[in-house]
């Protein structure tokens, strides 16, 4: 947590002077993520076999599934950070910025899932979109977090933003179980849980499973790298806004007399 | 700064923003129990913002604001029920009658029917008007109804934003008398107004608001 | 009754209703060119209704009402474009800026950009405020913007409903000077107001409105 | 004042305003009614299809009406600054929340009954006696959920100018699960298609969980949300 | 000022307000979009039915959005008494009418294009090249009709308190013919079901007659209607 919650926020100048959101830790994670991506490309495109039913298009799985899982992860992080903001005594804005950064990345990842899923659907089902429970709930998840980001941009003080968005962040996360179990709840066309299904049995080709595993690692590292940078960037934005307030204050005080 | 039991309002270098705009740019002001303070200043100086801040509607961005002994940035809620605000808007439900409106606002603080009746009497909306829907009132009649709701609420701190605007001569006198009585009974009153003749004769002290800062104008 | 060319407003026993309520119950009044007439009276007397009637917004139920020589019950439309009304509402578009609002209202009567600029200058909304969205103005700044739009419109008959309310001292002076100049240049002004001190010093004549009837209060 | 008394005060006021102004009666009910008729047209008067999708359409119409209802219920508060005044008066936020939820839920319930009636008349839907309990339970739990979500986000959106645009964006995805669950439950209750009565109760429990989650969450969150 | 210049002034103002406030972009477009998604779900993912009824659903969503658009376009005028001010300023009523029709029609057109696009993506609708002219003509004539009806009754409803409840009651039945005609015409253009391209033009002429009738009637009736 120490790396994610930028201590520098409270002392404006030290953070501004560095002019970068990178640190040693992020650089290490960035390098690791690049490596993992390389492995993913190697395994996903070359070493893993084509599927008996789906042929080559099955390779989309290695993006499709990790992205949505990482998106789940980021929304859970958003909810946890929101809770930490609301229920800890200090009400540290660091938690709020972590929540915001995580949600932004989550939205991007869900977008990727939708995109890849639609392409995959075109290849296997012949259409981009199906009126399927999982697809619909995924779309709803996407819209919900766009709403969350809109709430963050409502304006007002940082504390107001934090309080409002924390509430929405905590409520929105309830949608994730619905997306995950939608295939069970509604008779669905979409693949039911084959990796994370309830009985714990994993029935998948070994190499494919391993490739999927690499995908999850790679995208998780990417997430970690992005979220650290975004959190810091948001901290700087907040500081910049505070600076803006100083300037506006000076102008307002200089206004003096009438008009 | 230690909380001061006697100061009803104690602002120290308070900054408040509306959107990005610093409507209050460092206001320092102290009001004691029983005072009637007139806030005056040009359009856009920040009078409305100051009153809404004291009512807990506008957050404190910097500085400390104590109202009735409570720090506004910590527990606004503790302050609120003791404060009565008349803003530029009346806060009335247009589809309800005058008496239904006043009763509703009185009920939020548990005021009795007798208090409602006397408040309506005081602001001259008791007889014919009582059962008229607010949407059918003239501008001044609406303002009186809002004031009646406020009077019934028996606040410890009254915040009035241009309360005289739209009232006729008689309602103005009624209002001023009510405020004087309330102050004598231990309430504190902050009035923002551009009608200096009347407001200056009502107030015990003037504070000038200029470009978001408060400057004591000395007592009358 | 023959139409009288000199009388800008000539009401004879006019009755007007709002809903079922006879807000004007037989008003008789005559205003000549160049006068500044103050309408005064208690809340709910019918001042707003009278002004809106002269602007053609409230229909004449009984009696005759001539404005600028035209009978209101026959051709209200002929009257309108020569009349400027500032009611209790400002008639501004909250999402547009000050200058966009004033320009829009000026364009409806074909006023030039120079006139817009001078009107805004006059009401003190020219510089910083010009490009601020109306939704971000204080109450008084909104009122000034509405007045700027009205000034740019160069009406022959000005109908002002509590124009001073919410304006600061300087804007009040600016407004009064503008009205005096307009009257001197041949316009006619009807002002409803509760701020008697200021309004009585502005007006050339007072008319008392009581319970929907107009009674000449004699000249100052 | 206790939360319950505050809630009662506010619900009573909301219902009284509706009783006097008849905005919902005159505006939302025809809207919902015409929606149902036009669905019929759009689906080309194909009675078989209509009967099949009728439960979905009822809830769809309810959801659109929900947006209008929420907008109306909060514009009443925001128009003349009454919501601000309540906050200043120290009215308990949970009380406001539950009061508005109750008022909204009652208005919604009346609407739903009318829509169901319309479905019977227009689409030839039949109501079985043994499904009636399920039907009523579904309607009540779904309505509570809808009212809680609507009030929560209505309060957020009512705060200040420009925020109103958030209302549909936040509300529609949040109530979509209700729409889906309630549709399935009503299908079971009416015996539409192949739906079984027993399936319905599962949906009802989902709806109830939803209503409780948003009810509790909303009552805690409402205060911070309406505070600017 | 001439009617045309007045209309231009007013349409420009309306579009500028929308450009700055983004109310329609942020509120009506998501509303319409989610409508489409939820239609899909309520109709139970039956793609055959969906493709068949897609043209109808597009127009249905347009019609709901019309109500919101009209409400927004007139609440801008009524909120601070601007409509009164225009009447006092002697602004020609026909100019106001045409100005608001133009502004409304442009907003509607953008919305329809988006909805059509959504239908293509979500419902798997395909657009044929030889139907494109018919499609565009249909959209323009239907939009003009909708905008004329909406403006006419919007003006009536904006007048005074309580009248607003009249808007859906008056508008929805009045635009029902447009809904039906436009649906049939678009079906022809897209070749949905058994529809023939040539049939479509008949419907377009009906739509055009409707638009002209309400355009002319509206411009004459608007003045008296907004005058209390």
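Every chain is named by a letter (A, B, C, D and E) in the order it is written, and numbering of its residues begins at 1.
We take it that contacts are C-beta pairs under 8 Å (C-beta built on N, C-alpha and C of every residue); 3 or more make two chains touch, one makes a residue touch a chain.
Everything numeric in this text was worked out from a predicted model, so none of it was measured.
Asks: Could you give the fewest steps needed to travel from subunit A to subunit E through chains in contact?
Replies: 1
Asks: Give the chain pair, either C-E or A-D, that is connected by more C-beta contacts.
Replies: Contact tally favours C-E.
Asks: Compare the two sides of the subunit B and subunit C interface and say whether they are made mostly of the same residue numbers, over half shared, or of different ones.
Replies: Looking at both copies, the contact residues mostly coincide.
Asks: Can you compute the centre-to-centre distance for subunit A and subunit D, using the mean CA position of each chain? Integer Å is fine.
Replies: 31
Asks: For subunit B versus subunit D, what separation do you get between their C-alpha means, in angstrom?
Replies: Computed value for the inter-centroid distance: 37 Å.
Asks: Round to the nearest whole Å and give the separation of the Cα centres of subunit B and subunit C.
Replies: 30
Asks: Subunit C: which residues touch two or more other chains?
Replies: Residues 88, 94, 168, 170 of subunit C each touch two or more of the other chains.
Asks: Spell out, as numbers or ranges, the residues of subunit D touching 2 or more other chains.
Replies: Counting only residues that touch two or more other chains, subunit D contributes 21, 166, 169, 172-173, 176, 180, 227-228.
Asks: Two or more other chains touching the same residue: where does that happen in subunit A?
Replies: Those would be 136, 143, 156, 160, 258-259.
Asks: Going by the contact rule set out above, which residues of subunit A touch subunit B in the complex?
Replies: My answer: residues 155-157, 159-160, 244-245, 248-249, 252-253, 255-259.
Asks: Mind listing the subunit D positions that touch subunit E in their complex?
Replies: The contact residues of subunit D facing subunit E are 21-23, 26-27, 30-31, 34-35, 38-39, 41-44, 49, 52-53, 56-57, 59-60, 63-64, 67, 162, 164-169, 172-173, 176, 179-180, 183.
Asks: For the complex, which residues does subunit B have touching subunit D?
Replies: 55-59, 76-77, 80-85, 87-96, 100, 104-105, 107-110, 133, 153
Asks: Subunit A touches which residues of subunit E in the complex?
Replies: Against subunit A, the touching part of subunit E is residues 30, 34, 37, 40-41, 43-47, 50, 121-122, 124.
Asks: Show me the residue ranges of subunit C that touch subunit B in the complex, using the header's touch definition.
Replies: 18-19, 21, 41-44, 48, 88, 136-141, 144, 162, 164-172, 194-197
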